[in-house]
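What follows is a group of structures, each given as structure tokens.
Common to both upcoming complexes is chain A, partnered first by chain B, then by chain C.
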Partner chain A sequence: MRETKYWTWHMAAGVVIFFLLGLHMLIMHVGGITHLFAPHGGEATSKVNSLYRDGSLFFLTTYVLLLGVALYHGLYGLRTILFELTLKPAVEKAVSVVLLVAGLGLFGLGAWAAFATHAIAIAGARG
Partner chain B sequence: MAEIKRHDNRLGLWGWLGGGRWGIERYAYILHRLTGLGILLYFLMHVVVTSLRARGIYLWVEGGVFHQPMFKFGEFLVFAAFAYHALNGVRLVLVELGLAVGKPIEPVYPYKTSLGVQRPLLIAMMILAAILLAAGGYNFLSLAK
Partner chain C sequence: MPAEINFHVTRYNPECDQAPYVKTYRVPVREGMTVLDGLHYIKDNLDSSLAWRYSCRMGVCGSCGMLLNGRATLACNTQILHIATTDLTVGPLPNFDIIRDLVPDLLTMFEKHVAVKPYIVRADEAELDDPAGEFYQSPEELGAYLQFTYCIKCGCCMAACPTLATDARYSGPMPLAAAQRYNADTRDDGRRARNQLTGSSHGAFRCHYAGECSRVCPKGVDPAKAIQYLKRQLVLDYLHLARRKKPCAKMHGPGQGKPLANITPAPAKTV
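Our next item is the complex of A and B:
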């Protein structure tokens, strides 16, 4: 039952990622066509355009949300693939713990960076 | 609570890497896993690299390590993997929810497969993935000029 719940979350996370990562890809990788959220011109990935997005509350929220759901979706997907190799229960537990710790660590790092750059961008905009 | 019966996966990695004589959906499944693993590998590094901007380090901007053509091409490959994985994922969610697989019927010989009902969805999703890939390719080539 618990695994069914995890699997349902995995699918639900996939739907959220479809929209959020889709937007991220449209900005970053099709930016030459869409010119979305890059008001300073040039590449969407330039420092000024990155800072513009980092200063937005919308991007702060969606970055942290995308980070969380993408880490869950990706690491749970990896766990599913590894578990299909018929691991011993102790190894399965160790894999789950390692992936959980890695996921939480990366979420902490990414969320800290999103909040820190948001503060930097806001301070920069105020001069 | 009843213990889940465990079955040995004798085929190991080949169990999911080998498509055998199965239909195109089986190969779509293999590619879904491979693109998923590729995207995950990139994503884990991406989180670390982009987090450095909190310390004022922008490795992907002009003059940065990751602004070289080799990495730009790598990013295009990640975009291609995303285009496939996302649209095939939409198909998988729809099929998982019982949509686009047709109505259930009695298993009367000669048996009918639901694959014929599912296939138009696969084709539609692959066309959308190809359109997205073309847009990403155009963007990549225009930046490379």
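Our next item is the complex of A and C:
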């Protein structure tokens, strides 16, 4: 049943990615029309608008969440592809461990970057 | 209508051949003639060393599954003129080892089949070993799994499966459809035991839903659908959202049931 657990979370991660990428598209690519989360006007990617979002707790949460679900979804997909090469059980276990360690490492690095940017944005807003 | 068709038959004898090769035979064809008839013509008149497996000649036993013009199907219920005008390629089912010529080694399929417990599993084993009554099942409950009982284990779905082509440990469409057949049977209580295998890393979740298994099935079974049912049930079981149902109960013992009013009683015994 372990694979059922992994697959269920894989599907759930896909749904979360759908909504978070939708939000990303709305902000970055339709921003010229909606000005969503870009209160300072101009491009959504401008420094002031980026710092505004980086300083928001909501965006910090979505960045970390998107990082987590995208890593899980992608690495589980990669694991599935590798498992379909008829690997030996020991190799399958090694692949799972390597992908888990790589995923946790990348998540740690990305989360640290998101928190650091958040802190910089907060400090900048305080002057 | 062509008088003769070129049969391009894959030949392989592991005892003397390095690799499979193709040999061509010219076979006179008449309307209604099946590929199996064509192979018999070759064996009787052109090359007696050709080997293949067959038994019933009427699409029931599932022995003569082979690759005809790239499609896995039964040789006995495929008419030559329905699939060929001048040339016909005949090969063994892919995704299996070859025993000889057109004879695939189906052992791996049957091992996977046995592993999913393709039989009624209940706590009251004594009742199963020595039945003393009937289990009630409505026509609707029968309909939930009836189509999956039509499987004749010919291996065509296994040969057409693209996942099985790379992942030899994948259970495959036939065993997974068999698991669904028993999971959906109201007399059965073995779903959670089967989940251990169907929900493993080489179980139902490896299906890409290519749908080839359902397309090639000569009996009209839909294994791809069965696998999607399995996935849904596995997820519901994991999330504890599946309704817990007891297997259907025994109705009455032999001779204890109430006969219907409009049925004429049997005549008295004369011996």
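Some observations on this one:
Assume the second predicted complex is superposed on the first by the 126 of 127 C-alpha atoms of A that agree within 3 Å, B and C clash if a C-alpha of one lies under 4 Å from a C-alpha of the other, contacts with A are read in each partner's own complex, and residues count from 1 in each chain.
By definition in this document, contacts are C-beta pairs under 8 Å (C-beta built on N, C-alpha and C of every residue); 3 or more make two chains touch, one makes a residue touch a chain.
What you see is a predicted model; the values in this text were computed from it and never measured.
In the superposed pair of complexes, A:Gly124 makes contact with neither chain B nor chain C.
When both complexes are overlaid on chain A, the residue A:Glu92 reaches chain C alone and has no touch with chain B. Using the contact criterion defined above for the overlaid structures, shared-chain residue A:Gly110 touches chain B, although it does not reach chain C. By the touch criterion stated above, A:Lys5 is placed in contact with chain C alone, chain B being left untouched. Measured by the number of chain A residues touched, the leading partner among chain B and chain C is B. Shared-chain residue A:Gly68: touches no atom of chain B or chain C. In the superposition on chain A, contact is made by A:Asp54 with chain B only, not with chain C. Contacts of A:Leu78 after superposition on the shared chain: chain B is touched, whereas chain C is not. Residue overlap on chain A between the chain B contacts of one complex and the chain C contacts of the other covers 11, 84-86.
Chain contact summary for the complex, chain A toward chain C: residues 1-5, 7-8, 11, 80, 83-86, 92. Those residues of chain A lying in contact with chain B across their complex are 11, 14-15, 17-18, 21-22, 25, 29-33, 43, 45-47, 50, 54, 67, 70-71, 74-75, 77-78, 81, 84-86, 102, 106, 109-110, 112-113, 116-117, 120. Taken together, the chain B residues at the contact with chain A in this complex read 6-9, 12-13, 15-16, 33, 36-37, 39-40, 43-44, 47-48, 50-54, 58, 60-62, 75-76, 79, 82, 86, 89-90, 93, 96, 135-136, 138-140, 142-143.
Contact residues on chain C toward chain A in their complex (touch as defined above): 163, 166-170, 195-196, 199-203, 205-206, 231, 234-235, 237-239.
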